[in-house]
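Inspection log for the structure reproduced underneath, given as structure tokens.
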Amino acid sequence: MDTVNIVMIVIIFAVLVYYWKKDRIDNRSKIEKSIEYMLILSAVLSIAVLSILEQSILFYTSKFFDTHSMWYFFTGTQWSADALNGAKFGAVPLFLGTMVVALIAMIVAVPIGVMSAIYLSEFATARKREIYKPTLEILSGIPTVVYGFFAAVTIAPVVVAFSNTLGIEASHSNALSSGVVMGIMIIPIITSLSDDVIGAVPNHYRNTALSLGLTQAEMIRFVVLPAASHGIIAAVLLGVSRALGETMIVLMAAGMRPNMSLNPLEDMATITVTIVDAFSGDHDVTSDETLSAFALGFALFVFTLMLNTVSIFFIRRFQKRYQYSNL
Amino acid sequence: MNNRIKASVRDLNLWYDEGAKQILYSIDMDIYAHQVTALIGASGCGKSSLLRCFNRMNELINGCKVRGEIVVDGKNIYDKDVSEVAVRTKIGMVFQKPNPFPKSIYDNIAHAPKIHGRVKRGLMCDKLVEESLRRVSLWEDVKEKLKEMGTSLSGGEQQRLCIARAIALKPDILLMDEPTSALDPISTQHIEEAIVELKKSYTIIMVTHNLQQAKRIADRVAFFHKGDLIEYNTSHEIFTHPQDKRTQEFIKDKYNQNG
Amino acid sequence: MKKRRRRLPTKHPFEIRQLKSRSVKSYLFKWLSILTIFFALSFLFIFVSNVLYRGVSAFNQTYIQVPVDITQYAVTTNPRVAIQRDHRKLVSRAWVRNLPQMVKETPTLLNTREEMWILADDEVDQYIKGKSNKLTSKDRAIIDKLKAQNKIDLRFNIIFFTQGDSKMPEYAGFLSAIKGTVMTVFVTMMVSFPIGVMTAIYLEEFAQDSRVTQIIEININNLASVPPILFGLLGLAVFINVIGVPRSSALVGGLTLGLMTLPIIIVSTRTALRSVPNAIREAGFALGLNKFQMVWGNVLPLAMPGIMTGSIISLAHAIGETSPLLLIGMITFIPDSPSLVTDATTVMSAQIYTWASMPQGAYIERTSAAILILLGVMVILNMIAIMIRSRFSKRYNYE
């Protein structure tokens, strides 16, 4: 990765935009022209950020795969950055840990999030909705480091004590407590979008269903929810994407040990935690450990980008069907 | 002519906005079985609101208040021991705009009867769907594509599908809120034919803006003006010898308007 | 003759099958949804009360009154001997360490022997506050005795607001983290506000090609969904390794967070611009203004409340974000307050993370207090945003 690379990206963008806009701008006064160029430049910069991000991560990732097998990275079951005993970079345990934590989070967040959205859009009066919705959204505004502290200091001891009374052994850092707290954080993300989507289902569906003698619950279950399903799926996918990329909660409450296990009461490292771990020791960017972090970052980038794309696809389908553009 | 009374409205008053705005003033009228009763009047005269009182859809509007009785088959539907869900099951409704659910044609019709436990999936259900579609003469057109979306049909077909959906529950009374106002003349004709056919089995109350339509298919016509029932008589009497001056004016105006 | 069976009084034409169970189900469903939202809202309550419960005590700090013997030997060689052997474990080592400095500032203290109020050790502090601690029973006895003599006092914890981080919990403060946050988010806003707003203006008011704008829109949407930690990788790879911005500095942190908050500002600014009625633009053109005058003079003032609200919310985001900063070295131990944007800095959220991973109970308490301050800042920022929105949405109501 070098300066030339970044500068190239910006220049390519700028040149493209220049030719695309050239004739429109030529016949204007000098000041207007320069202002418009400034606006264009900032637009180019903002758009270039994503490519720069991708480029910079890709650069070190390819460096990593120059010396390490990509096959083993995606299929290997051992992750150990300890160079003395032969470092092994098989990321499967990290993917597994990420999945387990995200799954627990979604088990918490999806039912609560969707049911809350149903309450807000179907049962609550306008006044109550105006109070509850912003209050619930506060949850998503709380910094994640606070959630992490809460998970580690308050939830984890409860989980450990509870499983001990059941006679099950639980590690003090465990996937369950971080997953649950992450789920709480994701609730408002799902609620907010689902509420928007359910609210956008045309009212005549409701009236018609009720006129056919359906109760309100039947009307919601058989007419409103199916109509809103695409939007709700999109909301859930956004939640999953958020769960995969979450760092602080797992870092503080799920541990740093790559663990090839599905037991939520054990400690397990996720992709994000391992990235942070790689930079907590030595600061040499070209060491295998730091390079591996870039490879993990790249994998994370691809996963979340895919989820986001699918989510947008579902939202677009919903918008198309109901001509709803406020999402 | 069959003169059995199916439903009677007794001293019905209706308010919106928590009683601030009165919509209907002390309405009294009898609805006869197996007849088409048309409610006419200028926009905002309360005819649609009255129609919605028959299946208690008004209760969905915030701040709506009803006083009075609507007695159907000897029972006031506003009694405490009557559930609005039961009322709506027994008294079906077709809306102004065709509004099939975003489901298949088959599911549009079979859905509500299944929930009500009238039919289970299978032969009985298929039969019900076929019968309902036949009654609105839509069966021949859609029998090959029952799995397609109800929304893929043309406007007129959609509205007939909506009527089929309402009668699949075998209601006692069918309410229609300007069922043809959003349709082209050909589709309107189809719907009108269906209505005439349907009155053999159902009692139909419809709101219409179109006086020719009321003349063509209604047995009785009720004229409303600013929340009052001005005149209620057989269709023939209303259109040939309107008693009240306001009725005369309204009919004259409307006829002139329509050319 | 058959006796006619009497009908039950409730039997009427509007009784339908299964109605009761269906109504009950509907009712239960409604209550389930109400219960769910209260369950979700109760998390918020649990959070706040939990942090309050743990953190409020940190705003007071224990001081003890013990005899201090300031001899020449103590000042020059070993400050510990100034305190009697029994009390040595009870007073803060930070105070002891500062003793020579104190004497240097007020030389009259030399060769005096008097009882002084001294900052207590963190374990003593925890014991006095009734929390778990590692004191021996002997030390506890001494403290109980001092307490009986009114020689132990809880005072407002001024250190927390005037000092930086410290390896001694009782002497650890939040000030340098607050300063670091201010400097970092200043850089952040310097980056993301102008670029974000200008981008949005360009996209909303000037760009016309719908396909290109569509690609840009997807691009910005994707950027908003990138996990924050990846911006840390970006900051490390580009700002530190390529451009050479000093590690751990407010500058690199601010730049990184700036890129992260960019999409939020772009999206909110675009929404604000879009909500300005088109009639305003047409009126501007009708008066013979050209596009720049129209946007600058007519559209922007109306969109400003929305833009400000979005920027404040993105500011709150930047203040709360931690993970990218971990990768660019902003969690290293930094006791001194930064004075330049290129100095090594820590920020509030990173300080919370560092303290949270410390074993001592006093750090847990301080973490909670720091969280209270962080949440307080969030609440204030959001209230400002809400105020701006409600105040101006009334004034410019065009609908």
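The first chain written gets the first letter, and so on, giving A, B and C; residue counts start at 1 in each chain.
We take it that a contact is a pair of C-beta atoms (placed from the backbone, for glycine too) under 8 Å apart; a residue touches a chain by one contact, two chains touch by 3 or more.
Not measured: the values here are computed from a predicted model.
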By CA centroid distance, what chain is farthest from chain B? C
Chain pair, A-B or A-C, that carries the greater number of C-beta contacts: A-C
Just give me the whole-number Å value for how far the CA centre of chain B lies from that of chain C. 60
Distance from chain B to chain A - Cα centre to Cα centre, in angstrom: 50
Chain-centre distance (mean CA atoms) for chain A and chain C, in whole Å, is 21
In chain C, residues with contacts to at least two other chains: 16, 22-23
Mind pulling the residue numbers of chain A that touch at least two other chains? 213, 215, 218
Can you pull out the residues of chain B that are in contact with at least two other chains? 85-87, 89-90, 115-116
Over in the complex, which chain C residues touch chain B? Could you list them? 10, 12-19, 22-23
So, in the complex, the side of chain B touching chain A is made of residues 55, 57, 60, 85-90, 92-93, 95, 97, 99, 101-103, 111-112, 115-116, 162, 165-166, 169
Chain B touches which residues of chain A in the complex? 204-205, 207-215, 218, 222-223, 226-227, 321
Seen from chain C, its contact residues with chain A in the complex are 16, 22-23, 25-26, 28-30, 32-34, 36-37, 39-41, 43-44, 47, 50-51, 54, 194-196, 198-199, 201-203, 206-207, 209, 212, 216, 218-223, 225-234, 236-238, 241-243, 247, 259, 262-263, 266, 290, 292, 316, 319-323, 326-327, 329, 349-350, 352-353, 356-357, 364, 367-368, 371, 374-375, 378, 382
Which stretch or stretches of chain A touch chain C in the complex? 1-3, 6, 20, 32, 35-36, 38-40, 42-43, 45-47, 49-50, 52-53, 56-57, 59-60, 111-113, 115-116, 118-120, 122-123, 132, 135-136, 138-139, 141-146, 148-150, 152-154, 184, 187-188, 191, 213, 215-218, 220-221, 238, 241, 244-248, 251-252, 272, 275-276, 279-280, 283, 285, 293-294, 297, 300-301, 304-305, 307-309, 312
